[in-house]
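Input: one structure, supplied below.
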Amino acid sequence: MENTTACLLISCPDKQGLVAKIANFIYSNGGNIIHADQHTDFASGLFLTRIEWQLDGFNLPRDLIAPAFNSIAQPIDAKWELHFSDSIPRIAIWVSKQEHCLLDLLWRHSAKEFLAEIPLIISNHPTLKEIAEQFNIDFHHIPITKETKIEQEKKQLEILAKYKIDLIVLAKYMQILSSDFVAQFPQIINIHHSFLPAFVGANPYQKAYERGVKIIGATSHYVTADLDAGPIIEQDVVRISHRDTVKDLIRKGKDLERIVLARAVRLHLKNRVLVNSNRTVVFE
Amino acid sequence: MENTTACLLISCPDKQGLVAKIANFIYSNGGNIIHADQHTDFASGLFLTRIEWQLDGFNLPRDLIAPAFNSIAQPIDAKWELHFSDSIPRIAIWVSKQEHCLLDLLWRHSAKEFLAEIPLIISNHPTLKEIAEQFNIDFHHIPITKETKIEQEKKQLEILAKYKIDLIVLAKYMQILSSDFVAQFPQIINIHHSFLPAFVGANPYQKAYERGVKIIGATSHYVTADLDAGPIIEQDVVRISHRDTVKDLIRKGKDLERIVLARAVRLHLKNRVLVNSNRTVVFE
Amino acid sequence: MENTTACLLISCPDKQGLVAKIANFIYSNGGNIIHADQHTDFASGLFLTRIEWQLDGFNLPRDLIAPAFNSIAQPIDAKWELHFSDSIPRIAIWVSKQEHCLLDLLWRHSAKEFLAEIPLIISNHPTLKEIAEQFNIDFHHIPITKETKIEQEKKQLEILAKYKIDLIVLAKYMQILSSDFVAQFPQIINIHHSFLPAFVGANPYQKAYERGVKIIGATSHYVTADLDAGPIIEQDVVRISHRDTVKDLIRKGKDLERIVLARAVRLHLKNRVLVNSNRTVVFE
Amino acid sequence: MENTTACLLISCPDKQGLVAKIANFIYSNGGNIIHADQHTDFASGLFLTRIEWQLDGFNLPRDLIAPAFNSIAQPIDAKWELHFSDSIPRIAIWVSKQEHCLLDLLWRHSAKEFLAEIPLIISNHPTLKEIAEQFNIDFHHIPITKETKIEQEKKQLEILAKYKIDLIVLAKYMQILSSDFVAQFPQIINIHHSFLPAFVGANPYQKAYERGVKIIGATSHYVTADLDAGPIIEQDVVRISHRDTVKDLIRKGKDLERIVLARAVRLHLKNRVLVNSNRTVVFE
C-alpha cells in the first residue's frame, strides 16, 4: 500500500469495453490495481476513470508506460494524464497580505498532509515575507499595478520556470491573472471567499451580511480565463445568525477558506480531480 | 410552561433603559417573564427584542395590554406586535402541482408540530385536490393566466378574507404574486428551491448541475414585491457530487425544501422572527 | 440509461487481475458497463466491487449469467450477488405506534423515489391501520408479549413468505427481534433513534438532553443478532442548543430518522451497499 | 460598541421579576445594556442570564459594582460572576506531542481572535519547545509518571500561580488530571477527540473505524473530576466513508479538534458559557 504506484486519469467518449481494455493493459503487464473508479456522464456521453496500480512487479519500465498506453488511448480518443506517486509536485503559493490560508497550507505541509514540495512564495506585497523565512521558503515580492501587470506576469512566469513549479495555489492572492497568463500556466487552484455562484466579486461577506443570509460558504476552483467561473473542486458552508457582524463573518469565513482550500489542494495532489468541460469529477 | 402566554416583538431606536422599561411594564403588572431575548443592531442603531410572559397572575386584562403598552411604545418610537399563545393563527397553503411541501406541512400539522389551523388550500391547478379532501381541507382551484391574474388575485383576497387567513404559505406555488397583492396581504412565507442569492429564478437545479457546484441549498423567506429578495428566515444545504444527475438534485432538493419551509413556518408561528429592514432577526 | 441493467456485488480476497477478470467477463459477452466502483480494504485484505452493465446487447441469457459467473467466482473465493434492475424487490414495513417514518417511506414510494413494491405492513399495535388502508396496503396486527414472541415470530415468517417479501424495513418497530428470526430472515434495515454508538438503548433523547450534547443524530443499520450493533448504512446529525427541551429533541430527531432511514433504504434498493464483516461499503 | 463593558453571568431559582430587578440595577446606575440573553430551564426551575452593559456613563465605580450587585443577588439566591471586557484573562496551554491544536490557538491569538494573554505552555514532553520559543512564550517541560504525578501537579499549580493563570486549555494534553488538581484549579477546557459520549477513552478513531460509523466528531468540554464527562461547550462532526483509513480519520479529526477547541475557548473568553449542573448554556 505504501509502494510506488502509477495513476491514470482518463476521459473519452463512452463506448463498450473501456473498463476491460484499460484493466487488461495493466493486468497483462503484471500490475496490481489498488483503486479504480469510474463515472459515465450520460449528459455529455463521456466516460471518465481514475485507475491506480502498484509499480512493484509491473513489467513495463516507467518511461515506456506512456507510449504503450498511448496506443490504447488514441483509438478511443482519450485525453489522459499519467502520474507516479513518487514524483513530487512542486507548488508555488501566491499571497497578498492575509496569512491564514498560507499558514494553514504550510502547517499541513509540515504535518505531511501534502505530498509536495513548496519551494516558492510569490506576493504582490512584502507583508508575509517573515513567514516565508520562518519556513525556509524563497519569497519573491512582485508588486503589480495596472501598468506593470503584463510585464510582471512575464517575470512571474520566468520564476515559475526557474523553480520548476507544477501548481500555483492562490492563497488569498488579491490580483486577477490575465487570460494570457492562465493560458501559459493552466495549473492554478484558487480559493474564493464565497459560496459560488453567490456573491461573486468583491466584499462577499459585506454582501452576505446585507442580504441577511443564514449560511455562508467558500469555494475552491481551478482558475480559467473567466474570473471566478472555473471548475469547482470543493465547497463548504457554515451557519451564521443575526448576531454575527461583518467582522464575525470574516472570521468564520477564514476558517472555511483554510479548510476548503486545503481539501482542494489535497484532492488535486492525490490526482483525484478530473476536469470535465467546466465541471469536475472528484474521485474521493 | 403550558400556560397561556403573551409575547411582545418590539423594534425601536436603541437607547438606555429599554430593557428595564419593558421588563418593568410586565413585572409591575404581575407577569412572569419566561423568555426574553434581545439584539442590538449597531449598524442600524436598532434595538430588537422578544419577550414572553405568563398571563396567569397578570393583572391587566387581555384587551388592555395593547393600549397600556402603547403608552410605553410611543415615546420610544417602537414598532411592535402583541401575540397570545392561545390565539391560533389560520394558514392558507398555496400550491401548484408538486405535493412534497404540502404533504410535509399537513403531516406536521397533524403531528401537532404547528400551533395553527389550516382551513384552506389554494392552487392554480386541480392536481392536489385529492390530498386536500383526504385531510378535510377546503380546496379552491383558481387558475391564473397573464390576462386573468389581477382579477383572480382579487378573488383570492376575498377568499382569504372569508376564511380569516392570517398567513399564506407558498408551498411550491409556481406563480409570481403582484406587488399589489403583497401590499394588501403582507404575511406570506415562500420556499425558494435554491440557496439564495445563487441561482435566482427558474430551473435552479439545472443551473447548479451545469455550474458543477458541490452543495445545493434551499431558502425560506418572506415575500416582498421584489421577487426572491424578501427577508430570509431559514436556509439549509446538502452536499452533492458528480454522480448526481439533475434528477438526483431535484430529489435531494425536495427533502431540503420540506425541512427548510417547515422550520421557517414553525419559527414564524412561534413569533420568533422579527423583520429588520430586509433582514430577519430569528430569536431561536 | 433507462435500459434494464444487471448488477454484481462481489467481495473476495484481494489479488492481481480481479478488475480485468470481471470486466472481461462482461465485455466478452457484449455487455456495456455503466457503473464500476471498487474498494480495496487493505486492513482485511479484501477486494470489494460493484459493477453494473446494460443487458441490451448482452449475449448471455439472464438465467445463464449466474452459472457463468460462478465459474469465475469460485477460483477467486468470491461472495457475490446478482441483481436485475427490472426485478422489483418487495418490502414489508414494520411499525409500532409512530407514523413519521412509515408516512415518509410511503410518500417517497408514491413519488417513485423507491423502485420497490410495498404490499405489507406489520405492526404490534393497531394504531396505524388507517394509514395502511389509505395507501391500499395490507395491514397485519401481530401483538407481541414476552410469552408469545416466539410463536408470533413464526406467524410473521409465514406472512413474509406468503407475501414473497425480500426486505423488512423496521420503521420505528419498538420490539427486539430474536436472533432466530434474524437468522431466518437476514434482510432487515432498522432506524436507530440515536447517533450510534452513543446512547444505545431506550430514551436516547432524554439521555442526550441530560448529557447536554450539542448535536444529536440518527443511524440506519442492518439488523444482526447483536442488537443495535449491525453494519451501519447511513447516519446524520442535527445541531441542538440549551433551548431545546426533550420534546424538541424528539421533534428534531423525527426529521433525522425519516431522512436517514429513507436514504438507507434507497441505497440498499439500488444495490449500493456491500457488507464487509461488521462494516458497510457504500458505493454512492 | 468598542467601549469597555461589564458582564454579569447569573443563575438562580426562577421567580417573578428577575429580569426587571437586574435590568433596573443597571439602568438606575446609568448603564446602557448592549446584550441581554436569558434562559429558563423549566426542568430544573433555574433562571440563567447573561447581561452586558457599557461602563461609559455608569455611575458606580468598578470596585463597587460587585458589592452593590451582591445585595441584589443574595435575596434571590443567585450564583454570579462579574467580568470586565478590559481585564484580559491569562491562558496556559497544555500539550503533549501533537502540535495542531497548539499552533491553531497561537495563530488565532496573533490574528486577535482571542482577547487573552498566553504567557505559558506546559508539556509533559519537550517536543513542542521550539514552537513556544518561536512565539516567545515560556515553555515548562514537566514530565509525568504514575509515581511522580502528585508531586508534579503541585509544581504545576505553583507555576500557574506564578504566571497568574486564569484558564488552562488542554490542547491535546494526553495525561489525566487528578481530581485534587481539578478541585484546586477548576477553570480547564479540554478537547476530546471524539463525539462524546461515543468512543470515550483511548483510540477513538480506531474504534470509529472498526464500528464503521459514517460520521466522526470532536467535543470540547470543561474538565471535571469525572474524566470526559464534564459539561460540553461545543461539538462538531465530519462525514467519512469506507474509503477513509484510520490515518484519514486522524487527519480529518485534527481539523475538527482545531476548530471545536478554538470555538469553545472563544465562547468561554467572551463569557458566553454558563454551567448549569453538568450541562452548559451557551449564549451565542
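When the chains are written out, they are named A, B, C and D in that same order, and each has its own residue count from 1.
Definition applied: a residue touches a chain if its C-beta (ideal position, glycine included) is under 8 Å from a C-beta of that chain, and two chains touch if they have at least 3 such contacts.
Here the structure is a predicted model, which means the values were calculated and not measured.
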item: From subunit C, the most remote chain by mean C-alpha position; value: D
item: Distance from the mean Cα position of subunit D to that of subunit A, given in whole angstrom; value: 37
item: Shared interface positions of subunit C, touching two or more other chains; value: 42, 241, 243, 284
item: Contact graph of the chains (line, ring, star, complete, other); value: complete
item: In the complex with subunit A, residue positions of subunit B that touch it; value: 39, 41-43, 195-199, 210-215, 217, 231-232, 234-237, 241-243, 245, 276, 278-282, 284
item: Subunit B - residues contacting subunit C, complex; value: 99-100, 103, 107, 111, 113, 134, 241, 243, 251, 254-255, 259, 284
item: Touch list for subunit C against partner subunit A, complex; value: 1, 15-21, 23-24, 26-28, 30-38, 40, 42, 57, 239
